[in-house]
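Order of writing sets the labels: A, B, C and D. Residues in every chain begin at 1.
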Amino acid sequence: MLLPPGVLGNARRALCRSLSHNARSVLDIKGIYPPITTPFTKHQEVDYNQLEENLQRYSSIPFRGIVVQGSTGEYAYLTKEERLEVVRRARKVVPKDKLLIAGSGCESTQATIQMTEEMSLSGADAVLVVTPSYYRGRMTSHALIHHYTKVADSSPVPVILYSVPGNTGLDLPIDAIVTLSQHPNIIGIKDSGGDVTRIGLTIHKTKQHGFQVLCGSAGFLLAGYSVGTVGGVCALGNVLGTQLCALEKMCLNAQWEDAKQLQHRLIEPNAAVTQKFGVPGVKQAMEWFGYHGGLCRSPLPPLTDPEVKELRRDFIANGWLLPESK
Amino acid sequence: MLLPPGVLGNARRALCRSLSHNARSVLDIKGIYPPITTPFTKHQEVDYNQLEENLQRYSSIPFRGIVVQGSTGEYAYLTKEERLEVVRRARKVVPKDKLLIAGSGCESTQATIQMTEEMSLSGADAVLVVTPSYYRGRMTSHALIHHYTKVADSSPVPVILYSVPGNTGLDLPIDAIVTLSQHPNIIGIKDSGGDVTRIGLTIHKTKQHGFQVLCGSAGFLLAGYSVGTVGGVCALGNVLGTQLCALEKMCLNAQWEDAKQLQHRLIEPNAAVTQKFGVPGVKQAMEWFGYHGGLCRSPLPPLTDPEVKELRRDFIANGWLLPESK
Amino acid sequence: MLLPPGVLGNARRALCRSLSHNARSVLDIKGIYPPITTPFTKHQEVDYNQLEENLQRYSSIPFRGIVVQGSTGEYAYLTKEERLEVVRRARKVVPKDKLLIAGSGCESTQATIQMTEEMSLSGADAVLVVTPSYYRGRMTSHALIHHYTKVADSSPVPVILYSVPGNTGLDLPIDAIVTLSQHPNIIGIKDSGGDVTRIGLTIHKTKQHGFQVLCGSAGFLLAGYSVGTVGGVCALGNVLGTQLCALEKMCLNAQWEDAKQLQHRLIEPNAAVTQKFGVPGVKQAMEWFGYHGGLCRSPLPPLTDPEVKELRRDFIANGWLLPESK
Amino acid sequence: MLLPPGVLGNARRALCRSLSHNARSVLDIKGIYPPITTPFTKHQEVDYNQLEENLQRYSSIPFRGIVVQGSTGEYAYLTKEERLEVVRRARKVVPKDKLLIAGSGCESTQATIQMTEEMSLSGADAVLVVTPSYYRGRMTSHALIHHYTKVADSSPVPVILYSVPGNTGLDLPIDAIVTLSQHPNIIGIKDSGGDVTRIGLTIHKTKQHGFQVLCGSAGFLLAGYSVGTVGGVCALGNVLGTQLCALEKMCLNAQWEDAKQLQHRLIEPNAAVTQKFGVPGVKQAMEWFGYHGGLCRSPLPPLTDPEVKELRRDFIANGWLLPESK
């Protein structure tokens, strides 16, 4: 039987609300996630085999789950079909007890709604929705609240906000986060800005709604835990996932001195694969640790030789790789 | 007969080069262009009828041509199919003696190449290619030169660079512009940054290649002409197109005092429809001047009542609208 | 007897080095400090009596010491004579077991050297030296290393670096900090930037030299302790000094859950007296807590009535002031 | 006879107003000015002899006058006494038919008032008052209007506003400029921001008060003239003063094509002595053109050898120096 769209919409929305209330009571996103990279063949096509092999290797690390198509996944360079196929492939490989979170953000609200629905149908347990940003001068709290509310209203799975000013030039305002934290289908945020004061205030002002805050980078993971974050989605997890999970455990066990020592050694490698060298840096480092890294899609250029050397130094200096013998 | 792709590529590239050398010798882009808005129905679908009606009205203004899918066209909110359909519809309406320039920029090089080709097949005389920007930290001169070279190599029509830091957070570096100005299929740039010193230097360093620089905003059109720009692609052209063409004429006729008086009266309305109120501001003002404006796609919110009043004041204060009677 | 300047310089420098090595072994700056405000009379003269009364009240709080002429002290608005007299007056009142740290930074190296020497003679136990910043485009690591080395070479008391990008538009680069941390007379840094990742890396790369890092704001005090800072110089200490010292104690005693609860309640009041309302905000809040606040020197304007209300709300909402009865 | 201060203040203020109305009717500041550098001896003392010799050389160039202690004059590194002595020395050498404009800005209003008065007594024909900026977060239009009004109320000579965001991180807001342009003792502004749209709007909104706008850099001098500026205070004037005066003349004579050619050749050398290499760049280039340049005060470092080479290339490439023979 075909229902008229409006009715279906309303029915689904009601169902959603009900589901998401339940989902909320169960969907605990605490833990560490790698926002996985997308491997490409030498012809710049998505290499789904390498993708699956990387995911299989990640299965042995105590991650809470996997994020596909965060900024590290070059989602901005994938077609709609590729974005969905990556979700489907990941779903096949990621164990059922781990979460599969998919980045479904697009610039327009309607494209985001549609992508969210399709990613959900493709197997995502939750979606990560980046702030639209091309018209950032007009992306007021009002506009962003409206956008995320529409997306969350219609999403079949829980929504996680995503603020990544390094890529978008836009910080999701705290007042917008506080308003959105009350939506039954919005369960948390990935904050990649690195301003721990802001993160602490976000937690303070949303804790009565059970809102969950994830660090968007490994550089401030310990500091984040100190103020109440519940985990992290960290590009460095593609490379040093075991170590990030060890840091998580130290934080949860209040081994603060050990945590501090480990955190210190992660800052430089993390900076190298984020601000300094970005996705090409993640992919290069992955090669050294036994994963499929490879090249990015154009226009993201590969690292130059001096950049590769500097990247390597950042891992060596902190004891994650052995110095090269001559 | 089907040629293997590599061969076709090379053949086409050679053809392109040859064509574009010729094109270059004839494709003069001097003049004023409105980067037209995209009207939507109340269900947020593209309203192609209104689009065509606006274009018909613009036909009577001495524009050099029309730009579709600049930032003002909300291109970031359109599907690929909509982007192409807008080009096709515009081609039907825009007179043959006027240029139809289409914004074909996407984040990835291959998507931009494909969009460029299809827009060309849909009737665009030239394409305007915005800088990719999501991974702006890695968008070095090297990366951007590579991106634009690939696009220009395969584009059937001349390519115009597009630097719009207000939206992308990225200024196309001058050294990249200088290198790209030597490509036979790259004929100019739309620079929306407003730094006239930079624009002057760009012109100085590219003039031996016949490179054409267009102002990306009406606020510095006169200043641009003083240092050698050849025209403008100005959001304000959607509203006060006749006046912008009058300003162009004054500049070309060296009526500098008149030009100054007119330029002065355009700065506030221009700022209102760009930095201050953006695309929703352009569309609101269009309504007052007899065009179809309407709403933007979500998440771009409509202006609030106080914003509409302020926008109106900016036009009234400069003599473009009559004060409201009480 | 008058020695030729070079000789005196060298002799003093040797003495300094020797002294400062000793000083270093003893000068532990761990703890919380209020960077005190400078009260003014209604004629905008420094009100030394009020200054002394504030200091007397602070004596009962377990601060490690007092900072005069941080940014909160309006040092940029004081004459050289006033800057020194504030140090002398503070010295009279601050108990001997507490440190008196004085901000001696000036734009030129020679003025900073002279101010440092005179503040030391006036009773400062250490000096806090802000980065010169007027020509920030040329303040390379090289320039800043040279500046601080010259100052530290000749300073009779230990030097603390001071990076406050909110006022100076300049972050002291980490490589400069690492180099400077090896100078025997440079013992630490006050970092007001709030980037805890950067602070963690600073600590990681300087710990072998016993370098001490102080948080420059109360908003990230707990996060700072988690990565190894040893205290804080916090504008909010002028108002809620007891609470900041309580937070310090919780951090040192590993009462992380309590610390988190308290930290959360301090973020908004802290933001109110720093980014949001600045020194006029600190002074207004001081009045509510029994200190002499008063007005700032012109051109720093007093808060408007709505600003005062908002400031008050930020304290009420976090339980630091009672809601007004109607 | 000693008058009570209030009375004197009022009397002087009245006198001022009257004088400044007259002054206004006569003080035409149209033209080109070098903001002169301050030469130092090898012991970093002000070298007044070299200062005077430079000024004597400038006497033969058709400048409208001389600016002492703009940013190029390292005013931030001079003591109060040195600042005044520079004015006195300049007054002795600068011909009576040329204006001597002195930078009197300090951070506090009262220090600026006092410096303004003393510079006036030392021979300045007008003062240039930079925006206070250390507490830039609180430097609202309201605060800045109050500051400048107080300074202008008491200044014996006309006041010129000075907005230089590259050094201060602060743009004097247009609404503040418009309000201040109505003050009888505020006659103009030096705008070094380079945003010609903003400059055009400033002129549009202040022209009924006869307000005079000077370009603060040679890179946009022609563009400035096109929208109504009346001259420039340009660091490059220390080096290529004759050429800047030639450009002025072309603009005044409507030789726009010649002006454009000349302007183009000035952009790179100008950028080299401003954003790229700053005051050390100006001083180095002065040496090549027969002036006393020399070193800056610490912490401003001298150029490195590669920087000197690049600076030289920027002059050679534009035909202002001959290529080195090998």
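In this text, a contact is a pair of C-beta atoms (placed from the backbone, for glycine too) under 8 Å apart; a residue touches a chain by one contact, two chains touch by 3 or more.
For each chain, UniProt lists the protein as follows: A, B, C, D = 4-hydroxy-2-oxoglutarate aldolase, mitochondrial.
Owing to the predicted nature of the structure, the values given are computational and were not obtained by experimental measurement.
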item	value
Chain B to chain C, fewest steps along touching chains	2
Averaged-CA centre spacing for the pair chain B and chain A, given as whole angstrom	34
Distance between chain centroids, defined by C-alpha means - chain A, chain D (Å)	51
In chain C, residues with contacts to at least two other chains	none
All touching chain pairs, where touch follows the definition stated at the start	A-B, A-C, B-D, C-D
Residue ranges of chain A touching chain B (in the complex, touch as defined)	44, 71, 76-79, 107-111, 132, 134-140, 142-144, 146-147, 150, 166-167, 169, 275, 277-280, 297-301
Chain D partner contacts - residues on chain B that touch it in the complex	194-197, 200-201, 203-204, 217, 219-220, 222-228, 254, 256, 259-260, 263-265, 267-268, 270-271
